[in-house]
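First subunit A sits with subunit B, and in the next complex the same chain sits with subunit C.
== the complex of A and B ==
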């Protein structure tokens, strides 16, 4: 029966089912990744945001939750301009973090 | 001169001959390899430059002035310059005069030509033909003395480099030390060996006097051969270790100079020009004192001299660490006496990294973006209110977007001067590509360059104004924008002031100007910002300025330096700037302004803000434009 609306599927992530191996690998080369407090300063300054929805805050969260594809598609238009490093109140070296993600993760998610 | 031996040969020449043949073969093979590694286009360019009279003359001049006289070192420190040129030029003259001597006094050389010019005095006896050694023998002794004085200075420098204006020098490797000690030994041994034969083959003020003074020892011909053996062995050891030591810079620089004069750039990180630069590094260590990271002792091993050493050793882990840490301020390139481009070498190393995925900007539609910024096309070029009908497109860039004060000040200045302008990235645009290029990802940077080029070419503007030197550098070097003048806001303001379109009141505030790396060393703009500041106030200079200005520490060049580790560099740069106790620090780069602003004890401003504060319109009919922006 179609009521014209649906109950949206749960967006809960079961972390027990997430393979965190890659994230641990990332954490070992970029210890600062845990420093992020998701304030969103990086997202609000990002010039790539309007093109691919890039948000460093979301990328870090997505990777922690195993949503690699989502993270990588956001990073598609990152220009490595460094604005996010300049505004980060936690002093995270976001540019190197982005480069490390590109080295550790793969586009096809394997 | 009369030959003393029928054969004209003695076993002691062997170490020297073997060493020399080895080093010559090594250098020739190395030279051919480097030339073959160049891209075909560059190789052709190189060969053409070798036969073009203009570059040919320049090559000869540069080789003489740089390799032999070391003019760059003379400019830096007289004692350092004398030390290097006395050894290099003195030795060269010894070899040259030695050859002339042999050509003058012997015939039928044959294989003897290999060693006669070096050991001539052993094989001949003096006759009347030498004018009692008045000219050539005198020259030989004179240049030997010159070299010996250089060696004495070199020994002093090893112990106390501060006398030579160097705070820190390179830590030599083991083979470097072997090369160093054998080089030091060559000339005193030559003096000793020639003193033995001075009463037979003649000599001049050095050798002959020594022979007279120590006549008991030196006239005893039984002692003669060991001295000549030792001299030959020192030469042989030096030549045998030369390819594996820093002394490889001597032959390599002779190749590097013509390569550079041919206008060749680094393409491959390890081959061709890059290889020539790495081997041309004399490990002098001038880059150690120059490096802004040097304020922290732990960074000393990450300077260009050590990068070159690690590249020669193929130590990949260290190469990556060193090249990723660098701020790319290019000061090492500016002070390098042989012209090793530390910054470009590092960018090339970064370009070797393998990434699993990379950004791709094909989804960005440049034509949609252009529509927002094509005011000049819509107005159909009929806007004739400006003085010279200049249509300025202002690209603020990412960093200026973070420092809106600069953008506002620049806009206000343009309004006062009545400039017709449009901002290209008011709502955010595409990055210029320089940060991506500095990370070594050339393909991605190229894509951004293409997108921006399309937007700019569609805008209908004739001038592209930039307030960020990082953008300015890549626009100057990698963008092809026919018909469009690319200009930095310091140049623009200088022109507006000098043409009278902008009137600036002078105040008695003391300003110091910080030369941003990308603007000064990167693009050679030093005068314009100083002209502008002198018009608005009193300009004082930093302790180290212009070509030797110290990086603010905020550079996007470094990939790995953390926020905390940059603090010491910024503080060091600030103390350099405030040497003449200025009231305000002025810079022309949004990134420098942001970085200094964090730790400086006095106001830090962009040059546009200063000009905006003290300027009035030079035009009487400026009312219309002033309204436009407000």
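== the complex of A and C ==
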């Protein structure tokens, strides 16, 4: 039935519908991805962050919440400078992690 | 038979254990490397959460342990294992034969200059939690500008939860210390904006959560969830702090008159040195290893050697005192078992 208006879809993250297959695949090659405590050191030190919104913290979170498109579009702005790897207090090799994400999620990211 | 009891470290754990052992009829020996008793607590001004003056706590402990044999400015040169006891050689030439050693060697404050990006020792406006307590005590620190204080920042987890600083564990007490010091600074400078840059706030103890709520509601202290990535100095000598405000997902920048680094707790290197002399193992966090971390935290894996306080990991003052009392009782029972 057409009422002439639509309710916009919920913006809530429904974890029941998140496909974690790719993230599990990522986790098996990058076990450290679960070590992120979302402190934001990587984002605040990222030279691309202020101009493009690239944030490693947000990428890791978005992938776990099933927002793969959002993550991939942020990652396009990464210049692979590796500053985030230098500052990470949990010692995550973020630069290597970015390369692994690009490989695993490549068909979505193209 | 009177047994010698050697207590290594004259901080609050050593003093409390000594006082309780004196109550039980023993005459313990305290070995302290510095020229005063009370350890780190003696350098502190007030203790959370009731703002108890640290001086009072330490003085009470010094009075109650006055009957112990106390060696100040004394270090342990070496320890020999004899058949069923230890021969401890002190730097003043005295040697002690004992079956019982109590480690109350405590912790060291993390050297904040190792985190070069925070500028401790480089910029004049950057101090540590310990420097701030020293200023509360003496009012003497050129880095603290008494008249013009518009904005102050606290950085949590400096040298704690940081694999790059080789210290991945949480130092536990800095969160509540930052809240306490933020309140104290706000009381001294009501006009100043006070910011705390944190990753997680761990308010685990009695009344800590109330203290934290008070800091927000009554003192208006701003808590920003994000780890400071770097600190720089502007042309008029104020410091610029950069972080990510992870709750809004935006980079944040603020100019401050004073930046306080909450340096964490690390194992005391002298403690590790003496532990090595008697073959005590270290735990994976770098502190001394207990026989069991749940049931036997004050027992070492070696007979006759006991621990109390922060030598086995970061602890608060009441936790340290409770362990010190427990260790005194444990030593008493151990001596009974020898007879």
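Brief remarks follow.
Just so we're on the same page, the second predicted complex is superposed on the first by the 95 of 110 C-alpha atoms of A that agree within 3 Å, B and C clash if a C-alpha of one lies under 4 Å from a C-alpha of the other, contacts with A are read in each partner's own complex, and residues count from 1 in each chain.
Everything below uses one rule, namely that contacts are C-beta pairs under 8 Å (C-beta built on N, C-alpha and C of every residue); 3 or more make two chains touch, one makes a residue touch a chain.
Since the structure is predicted, the reported quantities are computational estimates derived from the model, not experimental observations.
In the superposition on chain A, contact is made by A:77 with subunit B only, not with subunit C.
Touch criterion met: A:102 reaches subunit B, while subunit C stays clear of it. In the superposed pair of complexes, A:87 makes contact with subunit B and with subunit C alike. In the superposition on chain A, contact of A:40 is made with subunit C only, not with subunit B.
Between subunit B and subunit C, more residues of subunit A are touched by B. Of the two partner chains, subunit B is the only one that A:51 touches; subunit C does not reach it. After overlaying the two complexes on the shared chain, residue contacts for A:64 are found with neither subunit B nor subunit C. Residues 45, 49-50, 87-88, 91 of subunit A are contacted both by subunit B in one complex and by subunit C in the other.
The part of subunit C that touches subunit A in the complex is made up of residues 117, 157, 161-165, 168, 199-200, 225-230, 242-246, 249, 251-252. Across the complex, subunit A meets subunit C through its residues 37-41, 43-45, 49-50, 55, 57-58, 87-91. Across the complex, subunit B meets subunit A through its residues 324, 353-361, 363-364, 398-399, 401-402, 427-431, 433, 435-436, 439, 441, 444, 448, 554, 556, 559-564, 591, 594.
Within the complex formed with subunit B, the subunit A residues making contact are 32, 45, 47-52, 72, 75-83, 85-88, 91-93, 95-96, 99, 102-107.
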